[in-house]
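There are two complexes below, and they share chain A, which is joined by chain B in the first and by chain C in the second.
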Partner chain A sequence: MSTTGELAVDVIEAVPTQPWHKPRAAQRRDVLTYLALAVAAYAIVMVTGVAGPDGWALVFFVEILLLTVLRSRGIGRAKSTNAIVSTVIGAGAVVAFAPWMSIFVSLITKGFHGLYVGYLFNDMRVTTPDDELNMGGVGHALIGSMLMVLIATAITLPLGILSGVYLTEVRGRLTKVVRFVIQSMSGVPSIVAGLFIYTTVIALTGSFSGFAGALALSVLMLPTVARTAEEVLKLVPEDLRAASYALGARQWRSSLMVVLPTVRSGLTTAAILGVARVVGETAPLLLTSLSNNAFKFNPFDGPIASMPMYIFGLLQIGTEYSLNRAWSGSLVLMLIVLALFVTARRLGGKDKR
Partner chain B sequence: MSALTQVETESESSKGNGIIMNEMSASGATAAVAKRPLGLETRGLHAWFGSHHVLSDINLQFPERSVTGLIGPSGCGKSTFLRMLNRMHEFIPSAAMAGEVLMNGSDIYAPEVDAAAMRLKVGMVFQKPNPFPAMTIRENVLAGIKLANLKVSNHDGIVEDCLSRAGLWKEVKDRLDAFGGSLSGGQQQRLCIARSLAVEPTILLMDEPCSALDPGSTLRIEETIHELAEKITVVIVTHNMQQASRVSNYCAFFLSDGGPGVLVEADATRKMFTNPTDTRTADYVQGKFG
Partner chain C sequence: MHVVYSTGDRIFRRVVTAGAVTSLLVLALIGLFLFARGVEIFRDMGPKFITGTNWTAGSGDGVIPAEFSIGPMLTGTIVTSLIALFFAVPLSIAGALYMEFFAPVKIRRTLVSLLDLAAAIPSLFFGLWGVQVFSSMGERWAALTSHYLGWFPLFNNELGIFGRSPFIAGLVLAAMIVPIITSVSREVYSRTPRELVDSCYALGGTRWGAIRAVVLPYGRSGVVGGAMLGLGRALGETVAVYLLLNLVFKYNFNILESEGGNIASLIATKFGEATPYELKALLAAGFVLFLLTLSVNMVATAVVQRTAKARS
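Let's turn to the complex of A and B:
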């Protein structure tokens, strides 16, 4: 900065602003407007024949739409169209989001009071479904689910990654056939997967088992893992393959040492998405692993409990406490799936080094 | 047109020009140039993508331990030609070819040739730096050895030697365990050069290695090319006429006038830039088109 005496320089402190956003005051005014409209809608529901939460939501939406139309007079065609379409699409988003919120809230409110510390560590061997909620728990089902999902992952992860490699790296003659089979497998109803294992494995061995359950889950898990692996492998730049071939690498060494390590985190995501896909499956387990009431660590030793079967069994009994237990089990299951998805997203985002 | 005869005419004319490129002036006599053993030779080489004929009848010779620059406007088939020299052309599904590429006198496209083993002898540096992102700097340099499953002791020695020859050792010697992607573009390209040197190729193909780099990195890589040419045969595609004149001993000018690309002229770089035989070469190197 020059200090030439005569030239007085007005130093204007620069304040960071975001002129492309609505000012704070306007935002606050909008929130208040919406609150007022909500109350008005409530009043209309009370006074007129329109009834229930659905009626309230409808009235609220109509009010907002009217307000938008009124406000958009005289601001130009493009702007007014933008405002009205935004309102309609916003309402659509809320409608789409509502069922998810509703499930989440009811799981928490109904499942919460069945939870206690021992819930995760106890089984139902000495507890009947109608006992007080501070007895028994979901531990045996957690162990059973974990065993089956682990076995299913051990089976499907190598298979899924290999088929991904076949589709993107080898690109052999059967590429189209393999892709078609994977796509149709992902459309197989889960009960059919269970029936398939029932008629093959169970009919052969003559006994329900955790291993049979794991096989049924594998049938459902494989297409998810294979497709995700394929998508992830497609993202590997062609440059890297070219570079490794130019170094004199053979194809399988190039895939194993260059391509797969590059997408390590993406493949982890594929595995987690596969697990999340099957951890809540009930139908295939109904015909393969069945259920039991006690801790069991051997997947080859007869029927074994799992989270979905635990919930299903308690729901069928239908008494107050058994239903409570079913809700708590559902809450635990949902939290597990949620944790899996969050982990998958975290790992997936880390791919760029 | 025979490149061999071109090489001879070139060196006769070059005598009168006084200073020729380092190598050439050192060897001096006409015969020495002609007798220099060939690292690589193409005979009647054609290339197609589907029914699109992109290169026609290329006959070109690359003397051992020299730098040959491939010049010509975009789309004249230089890169395709380069990729045919180490059989990278065949990875494009619709690609087809005719003719021969002779390495030490034998055709690399012969049915009994193992393409992967052949590529071990022919290094390649790409237009865009492409270090392996999941590997550290050290692992990147050793990648070729690992990928080709070569048995080598003294890994540290190789890493230092290759990085030094690529002019990168001083900058990265304290962070060999950092990932390759953490380097700047110019450093990444030099890492790729080091990577291709680790398997000790006798031929190095470079596809516009400096097109994405700043002048400093470019200069450093050109120095590296000069050093490399003392030991191995280098073929470099470049769009930069100054670079071609700085770095190469020989130049080959490719051109396509709508049809497949052809080799217009190949000669010593000095002659190509001062007294080319073909007027189209003269126009191109003087920047009248292209």
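Let's turn to the complex of A and C:
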């Protein structure tokens, strides 16, 4: 017998283990246990007084908690507390996330059947609250919202960028105050912004208008834009500024021609996030731009429709078809917010690379 | 250090400063204008503007005098917001801890994106959802609470009607402010020094042990700041409360009864057909709301910024 052969017998091949992963069998067992518990909870809901999806969730949670308590007997106090608290935290997280999950689902299920091709291109001029869902649409509200948001962006983007530049480049005496005020301003209730524009702009011009609505939205949009702009400008490496100073640039040239161009897409993100923040605001428009039923392209000419006011108005009417339309309008609005978010995220990723 | 700026720089710095100061100016103007237009009411009503119970525009000819008091609405604002905080804070902490320490790494990023999106859901949707989807469930909970805890004055409900109550409005507000509190808390928790958590594990601690000993104390002030930001939102919310609560002028501490309101929804309700004098009262109410939310937000901002600085 050769020595090599003998050795070969003794060699143990190392199988890579991942002790932090649960083995497959255990995972499968877990899934099956939870399924069984879910079914059991359903059965309990059927035969007892507990009712509804909330009742089912409660029973399901109690079952899991009981199971955890039973399983964690005899493994020591620290470990069993850990297991039980983990279950409670998981359940709390589910409850915390449930409402907006429910909102997303309701938007789709309730809003979907009111959509048709013409929905985005028609207004509500000739549509009565009891007309079937193949008439009318949000076209006028889309245009109105777009006009107002564009004006608001045109006002807040420059101001927001200037604030950002002040906080990161100029760093004057008021830096702390400005940062503090911008942060606190984001908490101004939207209805107060509406009231403010009402007492100033509308008292002055004497009529409700899309422009007034846009100004109210600007008040709410400015903090978001300014804060995002600051965050983005903070990411610009100090070397870049130093390099431009070393080449003899003054501060204004280095800020305008070196720093700002490098964060162009970040500043676009700031604008987009600002738009996403205000496009669904209802309360300020309630006091400034009101609403109407037909297409209108002039933001200075009296009341004008907008997405949130369209939804709000239909909710007030309250007939079956109106509610359907309200949900459809909400779905469209949510899709707009979603699209804005995805765009912002795409752009946000670009600067960092 | 004395720096000498060139002419170009001086102009540049002035323009930028002017832009940055605009936000200061706007905030000051908001307060100033609301106060200036509402001051007549403060003078006419005196302290009764806060403590009284009535909101009557009067008959116009002076037979029934106009009387404006935001007392019930102010308490309504605080009651609904406190209910919201009561439910939202524990849920948000659980949500933030779950996202940071329990969720599988694969879905963590998705959850964070979803949370950002949730924070951007317009409050109108919460109102719509509250009225059309949630309120039947909430009414059932309210009925159960009143059935078992009705002996306690807070949960007393004589009429047996449970819809459109401060309780339900508060729950929807809670759902509305959970994303913001969760995202601030998660942010703070994620900045917990990794080595502290690891040393907990190294000493044989469990995950919950590490969270209790290190993460929670470390993040406490951040969570407080987040909760106050949420509170600020709940205090100023208009449409959701407008859609979910019967506006009734009465000090209502029976949170399960269908009566209540808040200042913002008062403004939205009365604005349309207000007499010029009543309009001033609404502006005065707006001024009170502005002061209330601004002070809450300033404290919140100070807390959050102080935590951020202490950590970095």
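To be clear about the criterion, the second predicted complex is superposed on the first by the 293 of 353 C-alpha atoms of A that agree within 3 Å, B and C clash if a C-alpha of one lies under 4 Å from a C-alpha of the other, contacts with A are read in each partner's own complex, and residues count from 1 in each chain.
Everything that follows uses one rule, which is that a contact is a pair of C-beta atoms (placed from the backbone, for glycine too) under 8 Å apart; a residue touches a chain by one contact, two chains touch by 3 or more.
Just so we're clear, the structure is a prediction, and the values are computed from it rather than from any experiment.
Contact with both chain B and chain C is seen for A:Arg250 once the two complexes are overlaid on the shared chain. Judged by the touch definition given at the top, the superposed model places A:Leu335 against neither chain B nor chain C.
With both structures placed on the common chain, the touch criterion links A:Val39 to neither chain B nor chain C.
Once chain A of one complex is fitted onto chain A of the other, the partner contacts of A:Val258 are limited to chain B, with no touch recorded for chain C.
Of the two partner chains, chain C is the only one that A:Glu281 touches; chain B does not reach it.
In the superposition on chain A, A:Leu240 contacts chain B only, with no contact to chain C.
For chain A, the partner with contacts to more residues, out of chain B and chain C, is C.
Under the contact criterion defined above, the residues of chain A that touch both chain B in one complex and chain C in the other are 250, 253.
Here chain A touches chain C in the complex through residues 51-54, 78-79, 81-82, 85-86, 88-93, 95-97, 99-100, 102-103, 106-107, 110, 158-159, 161-163, 165-167, 169-170, 172, 174, 177-193, 195-196, 199-200, 219, 222-223, 226, 250-253, 255-256, 276-277, 279-283, 286-287, 308, 311-312, 315, 323, 326-327, 330, 333-334, 337-338, 341, 345, going by the rule given at the top. The touching residues of chain A, when paired with chain B in their complex, are 237, 239-240, 242-250, 253-254, 257-258, 261-262, 264, 353. Every residue of chain C that touches chain A in the complex is listed here, in rising order: 5-6, 8-9, 11-13, 15-24, 26-27, 29-30, 33-34, 37, 90-95, 97-99, 102-103, 113-114, 116-118, 120-129, 131-134, 137, 140-141, 175, 178-179, 182, 205-209, 229, 232-233, 235-239, 243, 264, 267-268, 271, 282-283, 286, 289-290, 293-294, 296-298, 300-302, 304-305. Contact residues of chain B toward chain A in the complex are 86, 88, 91, 116-124, 126, 128, 130, 132-135, 143-144, 146-149, 179, 181-182, 192, 195-196, 199.
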